[in-house]
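Both complexes below contain subunit A, partnered by subunit B and then by subunit C.
Up next, the complex of A and B:
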């Protein structure tokens, strides 16, 4: 029995590896094959052109430009909201919290990071509803700002955790150097810990950007629509790549629209993979540096 | 200078406080908004029939739909993920091991909606052929794609816990004449047991909480299915579909009840995983 099990494990592990990588490549390459020049001007700007759409605000009807802009705008706003609070929480966890407080907070953050995105979307939606009841005239309604606000809650735990690990993995002697020179805790954080942990924190933030770009459930409850064009201000509805893919998959009327959805998928994968590669690169450079110092 | 220090201090403490407040607020708001639904419908919300036009708002089919798509997904993903993790941590070739880790990190950054979209063209037609007569939009299709989605989460965890088995014990196993595979089977697996459980729980949490795959592939009919090739509606898909209803209807209120159930389920899974695998998540 024992003799039989052991070689089987090796074969099985190779089999699993090949199977998963095969499925992964199969899925992604299928999307690439079905798309048609996703990075071309026609795919993004349709019959309009780069100059007309970007500089003269000519509306684009048959390209991915509005969805692409919506996604980029959304991602930037969400991360701008989430970064101060996320890194703040991470710093609090690594430098201030002790004992029971640390345990409870870490648990709460785990709960938040396991929360389904649709529940967060529902929260954003309830926020709109309640706000509307209290201030019927001045409520923000379904808009890019509410989506960004909800998404920032979604990525808050990611940023908090990556900040916490970044600070915790710093060298102990480095962490104490500022304090030994007479700096107080905050000064130590500002001048020693944050600059040294910056690359790792940044790579966590880049992954949070990718998480914001891909999420669909939150934005479909809080403000993404099919034909909004580019939002003029943050209180307007918007288009986004993932929502476009979802919407098209159920409502497409022509082969052309379907090809656009495939193009959108390739663009979205491209955005997420690029963010992943940069984040990975920064992280490995940072950890390589650390090894050399040691 | 002082101002910035002060600002930093305020950010740190308000960040932590805000985080805690938000987590509780999400729950309280849903309880508040679903209260009329619970008090009006009472125990009837767990009935098996969802038919707003005749006034029955049972969400049992959705609860069942969630479980019946998520659990098989974990069952499919578990052996493959464990095998992959063993490959990346132990048995694989030196260079492939590193590649395997990078691939899995890249795979976890692929958008969910993209998996679901590809599934419509790759999985659904095949399922339509083998599942006699159905449309192909079924529990089976959704579970299959969910398994692909949750594998990276599980692999990460398994890999991490296999890696964290102490070096000295591992060398002890070799000293006793164990081969690499024997060491994994009889030493690493038992030692990494808690991590493996924790990863499985988190994978289940992701599968339960995913919206796009079940919404786009499971067919969304609000009744209890008879076979794996029939359509089902999950709690998450239900929330996404009913949002269009009138805001004061019980139909709409039921959405918040689904939200609470999802919140409690995933919170339970996260807390259990956290308890099993302290501080490592």
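Up next, the complex of A and C:
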């Protein structure tokens, strides 16, 4: 019986791998086939041009440029909010929290990381309503800043966990060597732990970036709309690729509109692939260094 | 005398790691600590520089006094600065653990902690050369001080770690099986180095090798189950 189990497991795992690769190839090929020159000027800038849209701020009505800008802006603001607090939380978990505090905080982080994004979106939505009731004139309203703030809550556990794991996985004697030389805890974190754990922390941040880029549920409840153009400031509504895909594919009136949704999908996948390649590259460099150390 | 230990007990999660240790360690000597795995040798070392406080919630009772800058200090006194204490009681670990920086940056790190950030580059360079010469590494690497410390061989890395500990001008150096991961040639170089260093520092070394203890030690403590079984001064 034991002799039979091993080949079965091998065949099953091989089959699973082939199935996964097959689904991935089919899925991405389908998106590419259904799209129409997604990286072309017409697809991104419509009837406008690169120069007019980028340098003269000419509104783009029939291209993906506003959604692309909105997505990138959203990702940058979300990560700017989430990175300091996420890495700070991760550092606290790995270096300062002990005993019950550590267990409770780790549980809370796990719960937050498993929370559906629509719930976080609802939190952002409620925040806008409550804020508007208390300060009717100063409410940020549905805007890119509220979306970014909500998204940062969504990705904070990823960054915290990756920071905690990165620091915990450092060699114990390396972690202690700075302290044994007379460095205090803060100096040890600044000069030894963070530089050594940086590649792993950065790959966690890039995964969080990808999560920010693709989430729809949060932004549709907090500020994303179909036709807002490029926001003039962080308190304005905005367009984003995932919302554009959702909205266009559910409300399209012509084949051209549906093709634009596929173009947006390809652009979004392209952004995510670039982020994953960067993350993979950083990890490879870091693991290469570790191998050399061994 | 350099270190006086009275009735030292250390327990961790209801497990008694060290039991009633009474030890006196002489100035400028090499004290070797041996014993089977789990006998409390490494824990004993970390009790001397309070490093256990960084990763364990243990309970320590008893008294450890060390003569630092010609004054007897209680290592666990509330007013003692742990950072300053660890600069005076340096430590070298079992595996060579240079920081992933250049050789020069590795060596300047403890010196920058010890002195102000305004310390001139020339003075740091002089101290680096002095430390490298002490561990007989200068001639081997003098032309590549800016190359990564991890590009050195295992033995060179361990000598670099000793030089790094020396940069803080310690009076006591703790070594936790420093040659266990090295070949016999590198082991011999480290042993020769320790014999030279004992003229300026008190050395406490954990070792599994009876022959190494015979070659190096002025004082041999054998531990089992957290207790001293043998305490011989040569």
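Methods note: the second predicted complex is superposed on the first by the 282 of 294 C-alpha atoms of A that agree within 3 Å, B and C clash if a C-alpha of one lies under 4 Å from a C-alpha of the other, contacts with A are read in each partner's own complex, and residues count from 1 in each chain.
As a working rule, contacts are C-beta pairs under 8 Å (C-beta built on N, C-alpha and C of every residue); 3 or more make two chains touch, one makes a residue touch a chain.
What you see is a predicted model; the values in this text were computed from it and never measured.
The superposed arrangement places subunit B and subunit C next to each other on subunit A without a clash.
In the superposed model, A:280 makes contact with subunit B only, not with subunit C. Seen from the CA centre of subunit A, subunit B and subunit C lie at an angle of 100° in the overlaid model, rounded to the nearest 10. Once chain A of one complex is fitted onto chain A of the other, the partner contacts of A:195 are limited to subunit C, with no touch recorded for subunit B. Of the two partner chains placed by the overlay, neither subunit B nor subunit C lies in contact with A:267. When the shared chain is aligned, subunit B comes close enough to touch A:92, but subunit C does not.
Put subunit B and subunit C next to each other and count what each touches on subunit A; the higher total goes to B. When both complexes are overlaid on chain A, the residue A:187 reaches subunit B and subunit C alike.
Contacts of A:23 after superposition: subunit B is touched, whereas subunit C is not reached. When the shared chain is aligned, subunit C comes close enough to touch A:179, but subunit B does not.
Of all Cα pairs spanning subunit B and subunit C in the superposition, the closest are 9 Å apart. Put simply, subunit A uses residues 187 to touch subunit B in one complex and subunit C in the other. Interface of subunit C with subunit A (complex): residues 49, 51, 54-55, 57, 82-87, 90-91, 93-95, 97, 99-101, 109-110, 113-114, 150-151, 161, 164-165, 168. Chain contact summary for the complex, subunit A toward subunit B: residues 2, 5-7, 9-10, 12-17, 19-21, 23-24, 26-28, 30-31, 34, 84-89, 91-93, 95-97, 105-123, 125-127, 129-130, 153, 156-157, 160, 186-187, 189-190, 207, 210, 213-217, 220-221, 242, 245-246, 249-250, 261, 265, 268-269, 272-273, 275-276, 280. Per the touch definition, subunit B reaches subunit A in the complex via residues 4-5, 8-9, 11-16, 18-20, 22-23, 25-26, 29-30, 33, 79-84, 86-88, 90-92, 96, 100, 102-107, 109-118, 120-122, 148, 151, 155, 179-182, 184-185, 202, 205-206, 208-212, 215-216, 236, 239-240, 243, 247, 255-256, 259, 262-263, 266-267, 269-271, 273-274, 279, 281. Across the complex, subunit A meets subunit C through its residues 98-99, 171-174, 176-184, 187, 191-192, 195-196, 289, 292-293.
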